[in-house]
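Pasting the structures here.
One chain, chain A, links the two complexes that follow: it is found with chain B in the first and with chain C in the second.
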Partner chain A sequence: MMPISLTEWKVELENTWLDSLSPFQLLLLTLVVISTLMAVFLVVSVFLLMLVRNRKKRWADALQARIEDGITIWLAGDYSIQELIITFQQEIKKDPRAIKIILNVIFATSKLFRQEGQSALRQLLTGLNLHQLCYKLLKNWHWYQQAYAIQIIGQLQLEHALPLLKRKLKTKNRTLRLELITAMFALGGQSWLQEMDYTTAHLSEWEQIVLLERFRRLNIDQLPPFETWLTSTHTGWVLFGIRLCRHFNRFDQVLELGNLLTHPDKKVQMAVLDAFDYLGSPEIVPFLIKYMPQATGDRLRTTLRVLGNQGDPDLVRFLIPYTEHPDLSIQVSALSALKEMGLTKIELRQLSSNPQYIDHMFDPKRP
Partner chain B sequence: MSFSFWVDILSCIFLSYTLMLMLIYVVSALVSYRVIRQHVAETSFVDFRQILTSPLSPKISIIAPAYNEALNIVDNAKSLLALEYPNFEVVIVNDGSKDDTLQRLIDAYQLEKTSFLVQQQVECKEIIGVYKARDEAVSHLTVVDKRNGGKSDALNAGINVCAGELFACIDVDCVLERDALLRMIKPFLEETDKKVIATGGVIRLANDCVISDGRLIEINVPRNLIARAQVLEYMRAFLLSRVAWAKINGLLLISGALGLFDKQTVVEAGGYSHKTVGEDMELVMRMRRMMEERKQPYAVRYIPDPLCWTEGPTSWDILGRQRNRWTRGLMDCLKFHRKVFFNPNYRTMGMISYPFWFFYEWLAPIVESLGLIFSIILWILGIINGSSFWLLLATVYSYAVCLSCLAIWVDQKTYLQYRSKRDLGRLLMIALIEPFFYHPFTVYSSIRGNIDYLRGKKGWGSMTRQGLSKPATPASTS
Partner chain C sequence: MEAETTGKTHTILIAEDEALVLKMLTYRLQKEGYTVLAVSDGKQALESLRTTTPDMVITDLMMPYHSGLEVLEYVKKSLSSHIPVLVLSASGQEQTVLKAFSLGADDFALKPFSPNELVSRVRMLLRNR
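For the complex of A and B:
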């Protein structure tokens, strides 16, 4: 049989089969072709991804090991910084992708050090001119590149970047904002956080938890401008302010916190009660006595518990009416608080119409 | 009207149904991929362990119902107790087991019966006793002994006993990632203008994976073809579909194997229903309905990270029963909540999610079977020629393979769970062959489920599990 050319084959196909297809069949055929091509593309892509990833990983692992060794030897004093910089610059010259690995290693290593160690690594970073790369990354289109740069700036204390960070404080991206606050806090730019958009932007519970933990780890005495946050129209900022007071034992803020018990948001009221419970100062008592009649549910239970924790017998008379509260859980809370204040089992039995609660309260097996 | 008129009408219905389904899957896959990429980028900046020391973390109660789980219960409890979270308790509910599930727990953790005030917030059968450990190290373990009432009843008992603001319901034999709770709590805490009422997580199959001390050590693609096909099916469902539904706040199902719920909302909605075998989906639908009727802003979120590993059925018999039960559960849910069907008052739930589940989850196996029968009849009658018939089948087949490949690709680009060439080869091979043997069987089981539902069949049917990295053990769910 004579071989036919591609053009001839196409013509033959059109004349014989494609021509005979109805529009419906053509639609199906198109779908088959598209799906098959797509599937083939995906399969090839999966295997290519795997090959590239494995090759890149081998290269990156080897380079990372060399960089880590170099930094270890340098930190041990067997290498001068100039020698190290030259070595790293040669790596970058060989393959520009090495910059990212070097930056990663310096960043990761800096987390293991404080003060002098960090200062040495900062010197290395600036010696390699990588701080400029960080500043450049701050202008990157992708938020995650910016966030990464901010992490490095905060970790390695690149104070010159503070004005650059300040410009970004109004960002809407929450991850970026979280990193910005942390970095500014680490750089000692707490007062600049005043510029934060705490009047229109929310601060979530998640951000609060993460920030409080990061602040605690940074071990810095100076707090951000939480006094102004307490007056924000957004509950998140108010809550954060209250929680900062609690975490950093700000007894001097009891008055401001007490006034927040009249805040319309129940979460804020609850956070104040929680802060009071933690601070435990006698100055909180008048606020709680005043607050009790308007509190319900969880907030009333917590108020009773906080008062009970005061252990002041003078407060017994305020708590007794709640032993007859229609809500069973409030009754139990009031009785528990009275127990904390030193009332005996017999005295409590006289107050309660349900003696089994009292037995339960004094049961040593009670969880 | 002539016969050919009806043939044309039916052909149009089947064709537009198929094209619409294809379009929905493609759109949801694209949306899911985008969301997962964003999620992975965001979580790379989060050190979840940072919140391990935070006193602000809300308390989570893990509720694990157990029925005749004596052989593995101690190991399972150990695995749950070792989860990473600052403030949590584990509540194991012994749902009237006939074996010595309770006694094994008592012996292993030196439990003793405590005086415990149980508030009957949601309906459940009598609680016989509440046990706590003497050892402070496991003070966060509570074991509830109750009369047998089924999974939903056991979960309700756990809700009545637990103290957390949030509770996670899990299957006791699942393996959770150590940081599963840390990851699942995030959506509840990061939302500022809506109340998050529930969060679901990705479930993956652990058959043939290496598990030691309740921890996943090595991920493998199962050797068993039925289990392997389910790996692919779970990847398609969890990676390409649910993420997109959560993005538009339209998720109706949070798998019973792992879900985190706002306790107050669940209690207000009435807890788990005893009337259905699809209690997980029914609860989410009821909670959503309640929030919509109250006009309260809410969200049901979803974490695309693989958080929970479970054992999939490895025999046709068990798989068939599982799918049969899922279908009956789905039909119950659709029936109980038919009020929301295309009801604009229920917004996304009424106008998008419910209709999708109705047309493309419940009706899909029926339409698919009818469509196939219809095409064969047309071919036999000579109304369509052989080319059209085979082209139809080829379209469906190539699309199914393409979708499976897309799921594998998304996994490779994001979580990279299966790294070896062997595993990838196995997955691609099953993507090519599962439309011939696995998919038809699941369709058949769903249709059986429909028939059983109409016959009034209730109950779970017995399930046998091999046990994850443990000796094979027969067990049956309540």
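For the complex of A and C:
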């Protein structure tokens, strides 16, 4: 076959079947050609993007491994901090994206170690001047970047950042506020606490749960002086203080907790009763005896249960009047408490006008 | 170094799924003169224990495939109750600690831990074997 030139081929094409196509068919053909080209372009683009992304990931993984190894060897005492800083600075010079990876590794490592491990990592962070980056991130437009910086500041105990954190406390973003509170507690120094009490009056149940979870991970010496919150003007903080006293077994706070049984908020009273039930110290008894006449419903039932759990036979006389209480559930609570105190089935039957409750209480099939 | 003073290189199996902790402990203990077998999950730990009897085991509690408690139980029941086992855990819950000790754990270290303290504990456990 004789080879033909492009011009000849075009002429041939126009002269033969392109001429025979209607305008509509021509439009359709154009659309098909354009769509095909676009599809090819898209596939190639996706493929190239994947290639670039994989390459980037491989680079990041390799760099992360190098940084981890460097930190590991350094923490084991085989590198001086200067050597490590120079190595990391070279990585940053080669590619500024290394900063983020280095920061991530330092942060992740700091969560795994404490004491000398953590202070060494803080030295490394400041040696690389990355603490300045964290301070800068606090002003970032994205709240999650700010949260990340706050976490690093708290974790690595960058105490100089305390005033910066304090300034952010009025934020309306609840997640940021939680991060701020956690970080500030970790940083210690409670002078900011009073200020926060006024700026962030409300502490929701959800915030309390999250904070409690965070506090559990702190060293004992990093825990805030939560007993001071018992006198706060904000119920949320009082409740949280009570719950923390319960959680951290603060037997020394029984007196302060007992005084809170006169708090106007019934939630606070209930939280104190729960704390007393958990702490179970004999010192709680006078408070409960004094509290019983004014308690109703759930609070009275809980008071009876807590007294019963004390198992002290001397308390029987305080509970007996409640076995004839007009509220049947209170009667049952009083009888159960008396049973806990060691009263026999016969003794309880004599006290109650409803012997079927007593039978039920002693029923071995009762869950 | 410990290994030099005893005249024998102690072999320590470390089972830990947190890569950084594993790397750190491996390096640190190797530097102290110990031979370290490092594995990153419970399955590898049990496989390793079937072929080698280490002088000590350091195990994390929460690991893929088999938990640290299973590894601990295997060491104490199937190998030797004299092999010291140090349990690492992020959870300091009383129940977890009690469970570990009831299965025969010799020591318990809560994460985050101090590397120096951990190495001292290893030294002490091997000395008291």
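In this section, the second predicted complex is superposed on the first by the 224 of 367 C-alpha atoms of A that agree within 3 Å, B and C clash if a C-alpha of one lies under 4 Å from a C-alpha of the other, contacts with A are read in each partner's own complex, and residues count from 1 in each chain.
The working rule: a contact is a pair of C-beta atoms (placed from the backbone, for glycine too) under 8 Å apart; a residue touches a chain by one contact, two chains touch by 3 or more.
This is a predicted model, so every value here is computed, not measured.
Q: Does chain B (first) or chain C (second) touch A:Ala108, or do both, or does neither?
A: In the superposition, A:Ala108 touches chain C alone.
Q: Between chain C and chain B, which one touches more residues of chain A when both complexes sit on the common chain A?
A: B
Q: Mind working out whether A:Val52 is in touch with chain B, chain C, both or neither, as first, second, both or neither?
A: In the superposition, A:Val52 touches no partner, neither chain B nor chain C.
Q: Could you say whether A:Tyr144 touches chain B, chain C, both of them, or neither, answering first, second, both or neither?
A: Once the two structures are laid over each other on A, A:Tyr144 reaches chain B alone.
Q: When the two structures are overlaid on chain A, which partner does A:Ala62 contact: first (chain B), second (chain C), both, or neither?
A: Neither: A:Ala62 stays clear of chain B and chain C.
Q: Give one of first, second, both or neither to describe whether A:Arg174 is in contact with chain B, with chain C, with both, or with none.
A: The first partner, chain B, only.
Q: Could you say whether A:Glu116 touches chain B, chain C, both of them, or neither, answering first, second, both or neither?
A: So A:Glu116 only meets chain C here.
Q: Between chain B and chain C, whom does A:Ile81 touch in the aligned arrangement: first, second, both, or neither?
A: neither
Q: Determine where on chain A the residues touched by chain B overlap those touched by chain C, and list them.
A: In chain A, nothing is touched by chain B and also by chain C.
Q: In the complex of these two chains, what residues of chain A are touching chain B?
A: It comes out as residues 21-22, 24-25, 28-29, 31-32, 35-36, 38-39, 42-43, 45-47, 49-50, 144, 147, 151, 174-175, 178-179, 202-210, 212-214, 216-217, 236, 243, 328-329, 332, 357, 359-360, 363, 365-367.
Q: Show which residues of chain C lie in contact with chain A when the two form their complex.
A: Those residues of chain C that touch chain A are 18-21, 23-24, 27-28, 31, 111-117.
Q: Which positions of chain A touch chain C when the two form their complex?
A: It comes out as residues 68-69, 72-73, 75-78, 108-109, 111-118.
Q: Help me check something: in the complex, which residues belonging to chain B touch chain A?
A: So the residues of chain B touching chain A come out as 15, 22, 41-42, 44-46, 50-51, 53-54, 56-57, 112-117, 119, 132, 139, 142, 186, 188-193, 387-388, 391-392, 394-395, 398-399, 401-402, 405-406, 408-409, 412-413, 419, 421, 424, 428.
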